[in-house]
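Shared chain: chain A. Partners: chain B in the first complex, chain C in the second.
Showing the complex of A and B:
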């Protein structure tokens, strides 16, 4: 299939306004009479709240109100949650605090300065409880409990087995076994989460927010606020980045809404950076694995056995969806059929987990690749060779994996070959030896091949639960295309999609493809929740594929109307007409035709010139449901198809380690992704770059650290180290395009891919650089002193010291 | 993250600034480039009654090179020090170390005096001041006094400045032209406060023996550390790799920083040794270059 606009590098239509400072972010939004909220954060990891004395704060001129968990308990319902019903959360802590930084009270004042002055004057009295910080200890019977009502710190425990792992391992020649630990990191958008809520017309509460896929969640926020959902309107505001952190950031708009309802005035609450780091509800995965993988002597993988403990923090807003996510690609790109997966989700005195680019499947990818690399090393196979021997082959698709998900299409050998064609591995391996021998330098080469599932469907929210209360199966996306009376195009999007893969550029490009108009001429708008058609918003690398389905559906209807108006006007049969370059023309006589502008004028102004039965106007909407979802088996033996749009990637990292300092620098980095048909290679390349850099951050730099006493040690960017352009390698990006048979245009999602691969490639490269010292990355982030200690121990063992 | 209330003063002269310092004393802070103070203020970790903004005082923004001494005003931006041609010629250690402070953007705002007065023990300018035997010039109500850099840094972000004094300049003695210098630091990312770093200035005799050695180390203790024991282990010795490595061991007892998020104590000790060795090695190489060149 050849396209005119799809697949060409295109500058983002969003960029001009952003580059001149007209992004229109939430902190710039002013509403007359608006108040500002600041929160008192808990200084303690675990304590009963005895009392909060607001007398002095309320005496400060400019302070309007102080609200606490007592007010929440009395006047609102718990926050939305997909977790156990016995683990509840409010925007302000009720009865007890469960992590350092948890919001305890909100001060509403005439300015943010005064609100923070008011917070200073609050006197909170606590009764300290033992901090619960170690997830293993938290599971012990004697541990202090976070949620008394839940009765245990284990939020979820279940073992899934697909196939027969014991039998598979009995036939293995080698079983690799390791304890692997993935540390906490999180998306750190430049702009934090914020909301402005105001009591509006007809008693409707209006909440402007930069977060939350509202058309999906609006009724849940209304239920929390105890108002009818038709009396709540969420208005999307541009988001300055998300990376998942804004996916369902419900607490901020809920709190702003509650404060506006309580004060009767507009209230702005925007997280500051400390709020975001400590209290965002969007920390990433924090897991300890006991993992085993079986191999035959020829490198064939025979099975996988995982026992994972996931430290969820204090609450479980998404249940254990992060593991459902891992089940979407539980075998990676490999053919083995036997998988056992024991999961224990533990609550501890830390900020709760949310969404971060990968949503748990990036961790699983890392574990798989760590095991495959160890198997390759033990069997004497090159990393690319062991992978090649295990790949699902191009003629095996669609491919049903253990667990139930389906891979739609792929060509994994082609992706590997493309990556290898972009980098001369033989030359690098020779250079590695030469530099080691002649200059004493330590170069490492790491390769990873992983899946990048895309286009989530809703069953993963609940299919791991034994008794789901709300077995949701919808995850639609909608678009409205309007051609105005002069022939200009408007595209209306129906969700908070102002993050993800440049939705406006995608939408404009697709309309250009459908109608032959210049993409830059399309105007894109966003519906608020009162006007929105069904939508789910970006997340799980779904938006491009889903909105493409919606736009194409609306375009088909609109094209048909244009053709029928033209057929009527030109007095020819509709089937003899075609739409080319913004003009409907006669196939056999292209000089005869009408432009879209001419047809639009007829559609709006000359009703008597329309075919009989046609009504005026040129606007069509389309709601596109998830293209391929099936119900899971009730007994958990098959999870159904839920993430079938399967991308794939290969990264090869070449880095140098200074063995004396433990510092790492990149010499080369190749990233090849297959995200199906690409709408805009330039912006997809940006996603790969950013995602891979975040993967490097998770591997080498970023850590949301709590000490054993529950104190949070990463509450500023002085301590939470995000790799910058200086640390990031100059990525060389390649694309392979295997279209999906299930989506419009064959598009797959690619928003999370970089972070799905980089930790595995970089970990492998570190091992390779320091192989002579027995380096084996088992815990992320890798600290420089761990590298130095490994080198020193290795040298001692070799008799160097 | 908004500051608590404060009185803002923007004096136009040093005398006026000293007058304000005398008036507010310990309840006031001087605002120069704001690269450390403003975050502290916004996080309410400091709560001054008055903020005395010295950015309008032209007298504090001069660099005055002389044959034996370089005087740098407290308000001079770090990027000016980094890029001033005479500074680079007279004391090449200074631009090299200054270039490691934060990022270009922060060096355009951050000042020389601000970094010295903030006295972060991991900062580059306090370390180079100690290494170069610089003198800090302070003005108070009773006049001007000078303080040796060695005596100026008293503890973690604590200096010998009196509450009513304003830091007005720093004076660096110009090392001999044949001196070699080295500056090495190790940080997790470019621009981060270093985990450890060292500055070295050395002079060698014709046989390559150390006639003078000056080494300062940052990031390992509450204050920048002058590595006296390292220096005395090298004076009169040949500038060989073995001697340098052996002398670098002498820094280890000076490492007092404990474990933190970015380094364990053992790792810092290891790094201290390493940066001292690397800085001296670089300085020796430069000293050789200079003697070869003349």
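Showing the complex of A and C:
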């Protein structure tokens, strides 16, 4: 299929306003009479709240109100949650605090400065409880409890088995076994989460927020605030990055709404960086694995056995959806059929887990690739060779994996071959040997692959539960296309506003393709929740594929209307007409036709010139449901098809390690991705490099660290280290395009793959660089001093003095 | 109480004159307001973005007498008698971008736009040194500003492309 606009490196339509500093972020928004809120955060990991004395704070001129968990308990319902009903949460802690940084009170004042002054004057009194920080100890019967009503610190426990792992392992020539730990990091966008809430016309509460997914779930926030759902309007505001952290963040808009309702005034609450680091909704995964993989002597993988303990922190807002993501690609790109997966989700005195680019599938991929690499090393196979031997082949699609999900299409050998040819592996391996022998330098080459599941179905919100209370199956996306009376195009998106992705560029490009108009001429807007059609928003690499379906559906209806007006006006049959370059023309006589502008004028102004039964105007909406999903089996033996639009990637990292300092620097980095049909290759490349850099951060630098006493050690950007331009490699990007047979235009998602594979590639490269010292990455992030310790231990073992 | 809080919370004000984007601005400012908040809240220069407010992310970078500073770590009163440039000094018209902004658009050296004003100003400062830089040197020069979206590759490309274009112009070369 050849396209005019799709697949070209075009400038983004979002960029001009961003380049002049008018991004329209939440902190830029001012409302007349607006007050500002600041929060008091808990200094303790686990304690009863005895009292909060606001006397002095309320005496400070400019302070309007102080609200605490007591007010929440009395005047609002618990926040929305996909977790156990006995684990409840409010935006301000009720009765007890469960992690350092949890909000216990909010001060509302005439300026942010005064609100923070007010926070300084609050006096909170606590009764300390034993901190619960080690998830393994938290599961012991004698452990202190976070949620007394829940009765245990285990929020979820279940074992899934697809196939017969015991039988598969009985036939294995080699079983590799490892304890692997994935440390806690987070999306950590440079803009925090914020909301402005104002009591509006007719008793409606309006909340402007830079986090708003799931337009069809807004009623949940209304329920929390105890107002009728038709009296709440959420207005999407552009975000300065998300990476998961702005996926349905609930505390911030709920708190702003509550404060506005209680004061009767507009209130802005924008997290500061410390709030975001300590108290966001979205710390990333934090897991301990006991993992085993079986192999035959020729490298064939025969099975996978996983026992994972996931440290969810204090609350479980998103349930255990992170593991549904692992099940979507549980065998990776490999053919083995037998999988056992035991999951225990544990609550501890840490900030809650939410979403971070990969949503758990990135962790599973790292574990899978760690085991494959160990198997390859033990069997004497090259990393690329063991993968090649196990790949699902291009002629095997659509391919149903153990557990029930389906892979729609792919060509994994082609992606691997492209990555190998771009990196020139033989040359690097020769150079690695030369540099080690001649200059004593330690170069490592790491190769890893990943599946990149995209376009989730809502069944994954509940299918891991034995008794789901709300077995939702909808995850739609909508678009409204309007041609105005002069022929200009408006595109209305029913989702969270731009957060660094390119929804406007995608929409404008697709409309250009459908109607032959210049993409730059399209104006894109975002619907507020009062006007929104069903939408799920960006997340799980779904938006481009899903909105493309919605835009194409609306465009078809609009094209048909244009053609029928033209047929009526020109007195020809509709089937003899075609739409080319913003003009409907007679196929056999292209010089006869009408422009979209001419047809628009007729549609709006000359009702008597329209075909009988047609009404005025040129606006069409379309709601696109998930293109391919099936119901899970009630007994959990098959989870159904829920994440079938399957991308793939291969990264090869070449890095150098300084064995004396543990510092890592990149010499080369190739990333090849297959995200189906690409709308804008440069934009996709940007997501790959951005995601991969976050994956490098997860592997080497970033950690939301709690010590054994539950103190938080990462409260600033001086402690939480985001890679700078110096740490990030000079990337080289390659694309392979295997169109999806299920989506419009064949688009697949591509937003998360970079982060889903980089940790595995970098871990492999570190092992490779320091193989002579027995290096094996088992825990992320890998700290410089751990590298140095491994080198020193290795040298001691080799008899160095 | 009022006197106490005035002393404790700095409600005293002082008149300052700051040259902002080429024009003198005189205002009575709170002695404790940061330069960043002064630019954002009192002058509506909302391109100055606050990412951390503790001097690590660099998103609030402005040019202060031509040199990049973190405006969250300065008080407005410290700017009295000095010149401050924000990205509005390049162009405020999305249809008529400055060449540096053009190069960022062409190379897609941005995604969410939050670090972008800081990156643009830093790029201007780097280019004005007149020195041609390697990619590795560019990376070092922009390492004081975090970007969480791009992985920096497209920013490096944009800085290099803007440098070539503006140096070419300064040297009387052809504008590519």
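Just so it is clear, the second predicted complex is superposed on the first by the 797 of 801 C-alpha atoms of A that agree within 3 Å, B and C clash if a C-alpha of one lies under 4 Å from a C-alpha of the other, contacts with A are read in each partner's own complex, and residues count from 1 in each chain.
Just so it is clear, contacts are C-beta pairs under 8 Å (C-beta built on N, C-alpha and C of every residue); 3 or more make two chains touch, one makes a residue touch a chain.
Everything quoted here is computed from the prediction, not taken from an experiment.
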Tell me the contact category for A:606 with respect to chain B and chain C: first, second, both or neither. neither
Contacts of A:272 with chain B and chain C, given as first, second, both or neither: both
Quick one: is A:694 in contact with chain B, with chain C, with both, or with neither? Answer first, second, both or neither. second
Is A:188 in contact with chain B, with chain C, with both, or with neither (first, second, both, neither)? second
Regarding the shared-chain residue A:682, is it in contact with chain B (first), chain C (second), both, or neither? second
Could you look at A:785 and tell me whether it touches chain B, chain C, both or neither (first, second, both, neither)? first
Partner touching more residues of chain A, chain B vs chain C, is chain C
Counting only touches as set out at the top, which of chain B and chain C does A:663 meet: first, second, both, neither? first
First (chain B), second (chain C), both or neither: which does A:48 touch? neither
Please write out, lowest number first, the residues of chain A touched by both chain B and chain C across the two complexes. 113, 117, 272-273, 716, 718, 724, 726
Give the list of chain A residues in touch with chain B in this complex. 112-113, 116-117, 120, 272-274, 660-663, 701, 703, 705, 713-714, 716, 718-719, 721, 723-724, 726-727, 784-785, 788-789
Would you pull the chain B residues touching chain A in the complex into a rising list? 1-5, 39, 43-44, 186, 188-193, 195, 261-264, 266-267, 270-271, 274
Contact set on chain C toward chain A in their complex: 1-2, 5, 8-9, 30, 32-33, 40, 45-54, 56-57, 59, 86-88, 90-95, 97, 101, 104-106, 108, 110-117, 120, 135, 138-140, 142-144, 146-156
Residue ranges of chain A in contact with chain C within the complex: 11-12, 14-23, 25, 27-28, 59-61, 113-114, 117, 187-191, 238-241, 243, 272-273, 498-502, 682-683, 685-694, 716-718, 722, 724-726, 728, 730-731, 754
